[in-house]
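Some structures are shown below for you to check.
Two complexes follow with chain A in common, the first pairing it with chain B and the second with chain C.
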Partner chain A sequence: MNQENILAVENLVMHFGGIKALNDVTFDIKRGSVSALIGPNGAGKTTVFNCLTGFYKATGGKILLSAGGKETSIIKVLGEPFQVTDFFSPFAFFARLKYKMFGGSHLVNRAGLSRTFQNIRLFKEMSVVENLLVAQHMRVNRSLIAGILNTKSYRKAEEEALERVFYWLGVVDLVDSANRLAGELSYGQQRRLEIARAMCTNPEIVCLDEPAAGLNPSETEALTKMIRVLRDEHNTTVLLIEHDMGMVMDISDYIVVLDHGEVIAKGGPDDIKSNPKVIAAYLGAEEGEEVTL
Partner chain B sequence: MSQAVGINFKKSSIDALIAGFMALVLFGPIVGVVLDGYGFNTEFVRVAWMVAAVAVGRFVMSSFFQTEKGIAMAFRYANNDEGVEVLKPGHKSKMVWIIPLVIVIGLLVPFIASKYVLTVVILGLIYVLLGLGLNIVVGLAGLLDLGFVGFYAIGAYGLALGYENLGLGFWSMLPIAALMAAVAGAILGFPVLRMHGDYLAIVTLGFGEIIRLILTNWASFTHGPNGVSAPLPTFFGLEFKRRSSEGQTFHEFFNIPYDSAYKYMFIYIVLFAVVWAVLFIKHRLVKMPIGRAWEALREDEIACRSLGLNHVLVKLSAFMLGASTGGLAGVFFATYQGFVNPSSFTFFESALILAIVVLGGMGSTLGVVIAAFCLTVLPEMLREFAEYRVLMFGILMVVMMIWKPRGIVRVTRTGFAARKGVVK
Partner chain C sequence: MDIVLQQLVNGLTLGSVYGLIAIGYTMVYGIIGMINFAHGDVYMVSAYITAIALALLTFFGIESFPIILVGTLFLTVAVTGAYGWVIERIAYRPLRSSSRLSVLISAIGMSLILQNYVQLSQGANQQGVPTLLTGALRFHVGDGFVQITYMKLLILFISILGMGVLTYVIQKTKLGRMCRATQQDRKMASILGIDTDKVISTVFVIGAVMAALAGVLVTLDYGAFDFYVGFIIGIKAFTAAVLGGIGSLPGAMLGGLILGLSEALFAGLISSDYKDVFSFSLLVLILIVRPSGLLGKPEVEKV
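Coming up: the complex of A and B.
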């Protein structure tokens, strides 16, 4: 288990038919950092995210997540095709069969990685509190008998879940809207609720896909503060995709720049700001021309 | 238009003319031309009456919707499709008073009502069970299932064939049939896990038909279209027959004259208890993690997976619990009819159960109960209209869907009181 890096992406390749969305992407995310993944439109940022969170099965490469005291290979838990050697080793065969039948992106979340979506995906016809309760599915008492008989241990687990719900509602400033439908909330509130929901699964790393899209400057400011709270008070590693350069430069410790499915630069905000390749990718400018981000 | 109020008779007349013309086009060939051997008779009077009725009705309606009251009404119904409401945290449901009342009335029914009414109510309760089962699959988990009748058939044939081949009676088949239906639900659930909406509907439709075709064609086991007789329930081993081949019968034991209504009374009471048990379980389920997971799956499957919910298990559990309720209903249906054959399990039944769920309000327990009774008792009450029964039924459904597109009962969600947040 790698103590320093929570996430290690090695030579990640993703092809959709003939289209090569990602070519050999390699980067590491440090535990407890706020990292950003940036790049022009169509660079493959969301594809990287979908590979990391298990929504796409990467064509090649390795993604290792070291969270919850163990190392998880994200590609493996999604279910890999059978290899010839599997047919000689029943153990390997059943392991693969298990992941093929019951594997999927939910295992990535259980391993300690949660995400939000670029186009908000809340449970719109459920209340705000229920949205956060669903996220705690793995942490409550799921026994059918206990639930139907409403036993003491069941009620205790539900009460604890509700306490966590109201804690996170406090963090994202939505306590007053607790009993509204998620679909009725304003855009900014929905974005915040989605982050709270991702945090309710108790992740060690949270991936935010364009959290500031569609927010006004003061909301972006509040979001920046919130992300700092996640990192400083909950020791959560944050990985985000963002187009708002001001915000990215403000909060990121580490930035990975993608263009045409390749990593063109990695490093701290200051390195990236002055990196000629990055400037060229964004503005298509001649190298050496004076452009600031 | 500054002055909306005040009836514009010209507009009403034009509306009436258009409606009358359309009625003429529609009814003219259908009602006006009656085949008689190789020739035909024209019936102008009948058509004229129908067209006149439509035109007058349209005129009255058009005029009414121009009055103040009419506008207010149209406005009210245009605005009532806002669906879900979140209740206040300390909300006390009026059901606390209604439920004991309904239980008391329900327990009195078998002693007051005639045998005919009792059989109708039993059928109503069977459909309540079916509706509740399908409500889990369609209303809560959002998986459109058009083959629900398959599970109903499994329950019914389970009792009939279990008795014939293994000698299992009503009481032992009740749990076994629920289990069998649940297993069938899982078998259906696995291949359709990746499907949504329309595709899922088609596959489940196929499943329902497969079950029916097996029952029809596997004659050596199921006796095909001839059907199988199903046993009656027993009361601690006492049978409800006039004469028993072994042991005592109910009326002999209690020294009362034989009455064929006793068996219906008994079925009714058992069914009544089972329906309440299912209602209670359903009521608990929607508040439990599994119920929340079903609803979350209905809202957004991708988000569900991103939160660590195993969508395979969530879907399978919905299918299995829904199916087992359908299986229970099937057992009651078989014992109530005393005989099952494949013609009871056609697609029309599936459509009827789906109509119950949609009409009642997707996910609403109370709505399903009301709708189940409406859709089973109403056709009985409309027996006088005989041929027009299905037409009336259709009109009722269309009107209901225009009137209350989200079902009879508005879906409500529990509110939670704010508390101090703690994170551990």
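Coming up: the complex of A and C.
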């Protein structure tokens, strides 16, 4: 995999029983870009996200994440069934056994990928600050004894975590609501908090699932600015699913269009706008019929 | 008057023991939504380990009570915690993605296995440990007196300490935050990089440790136990957890105290034969008025 790409999806297949949600999806995401995954309803966009983030275990194909100086195969860390060849190679056997026993979607996040959800999934019974602290658990002192005794190093780690929390609250403009319960926030605030929480895990690539859904135009504009901040100031690659075409064309460097579980077009915003296949998918044209926007 | 006060003291200690065991039920229910029927038997195992630890320590010639107490607590907590971890690993984790019912059956199976394994290895007879801490405080009230044995004071002290430390850990430390996050949305917690399997294991260990504290204290106090001792106290602690609102940590402690106090008062003032009937009737009454328990949150159907 070439170093320029942070994420490489190759021939990704996802079946639910007899339903083929994804058929051979292949695309690459460049490091430091803002990329968008678009397509009509039911095209399989969220399924791609779920496979990327370890929410689903893909049926076939490869997802390679190159972050934190190493390459991670997302399907492998979720734990795969044993293959016949494993029984001849102890090394492969133990690698698979390790991920079968200790693997799981938490390793995807630890490898440097985080996400938000279309239907917001905050910890509603915890305060805004706690939501962001939970996300930083890999960075703060992990010893339970230190926590009970409240040692100096533990307090220092907690303070640093709190500093990061308030930094991100500043970015998403939620400092005033820091001590409210996450469930009490308004819809737009909850969306922003979810993005801040995803960023607190210190990811190299963040996947946003319809971040602008349900937002009013001025909130959408603020969101667009925020996504640019993530890319320009934090060197984070952003991959988003979005239906707001104005916003997608505005901020994306690269667009992947899905329809019926297949990639029908990839490229810059201008190529996509004029691509007849994309227009047909959106407007539902017959095969071979010429449609223009 | 003196009987009421005496029963209040007895009820308080009994209640704190129920509370300690109820923590195991309520935390496990909160985090994976199952009722760990083997929890009462974990308590029973801890009683046997207490006896073994006492025998070991006496074998090495240790006679001072504080050292014996600390040593027994330490050994029992460590070994019972390991039991909790192993039980979760072999009986519940392989069933993580199957229906709740299969985990429940697995829990009942685990409970039977523990009982029979202890019966086979330790014998079916009642066992006993010697009384190590004697003496009592006496307060004269009117004509009679109220007696608090030092052992009961110790039970109160250690239970309150255990519950206090646990509340602090859950509310303030990072482990507690991870537990609460996992409880609210396990999948999301995992997507934030939390190893939820490890958190669930930790919760089982915490439950077993709390049961072990209760096991050591009650065994040292009563002196006698057998392989079946976990059943009735487990049911009572479960009642306490439901009474307080299952899934809620303060609820378990409160439920334990209410159950212990009302049971002791009923036994002292009305009839000790019907005390179990009374405590279960109390549960029925409270559940009629508040189906989610005292501190439990009612489940709101989302539309």
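Basically, the second predicted complex is superposed on the first by the 282 of 293 C-alpha atoms of A that agree within 3 Å, B and C clash if a C-alpha of one lies under 4 Å from a C-alpha of the other, contacts with A are read in each partner's own complex, and residues count from 1 in each chain.
In this text, a residue touches a chain if its C-beta (ideal position, glycine included) is under 8 Å from a C-beta of that chain, and two chains touch if they have at least 3 such contacts.
On a predicted model such as this, the values are computed, not experimentally measured, just so you know.
With both complexes brought onto chain A, simultaneous placement of chain B and chain C is prevented by a clash. In the superposed pair of complexes, A:Y167 makes contact with chain B only, with no contact to chain C.
After overlaying the two complexes on the shared chain, residue contacts for A:F55 are found with chain B and with chain C alike. In the superposition on chain A, contact is made by A:S127 with chain B only, not with chain C. Of the two partner chains, chain B and chain C are each touched by A:A135.
By the touch criterion defined above, A:N109 lies against chain B and chain C together after alignment on the C-alpha atoms of chain A. Look at A:A213: by the touch rule set out above, it reaches neither chain B nor chain C. By the touch criterion stated above, A:A92 is placed in contact with neither chain B nor chain C.
For chain A, the partner touching the most residues, choosing from chain B and chain C, is B. Applying the stated touch rule to the two superposed structures, the overlap between the chain B and chain C interfaces on chain A comprises residues 53, 55, 102, 104-106, 109-110, 114-115, 117, 121, 123-126, 130, 133-135, 137-138, 140-142, 144, 147-148, 197, 201. Here chain A touches chain B in the complex through residues 53, 55, 101-102, 104-106, 109-110, 114-115, 117, 121-127, 129-130, 133-135, 137-138, 140-142, 144, 147-148, 150, 160, 162-170, 175, 178-181, 197-198, 201, going by the rule given at the top. Residue ranges of chain A in contact with chain C, taken from their complex: 53-55, 102, 104-106, 108-110, 114-115, 117, 121, 123-126, 130, 133-135, 137-138, 140-142, 144, 147-148, 197, 201.
For chain C in complex with chain A, the touching residues are 165, 168-169, 172-175, 177-178, 180-181, 184-185, 187-197. On the side of chain B, the complex with chain A involves touching residues 83-84, 86-89, 280-281, 284-285, 287-290, 292-293, 295-296, 299-300, 302-312, 413-416, 418-424.
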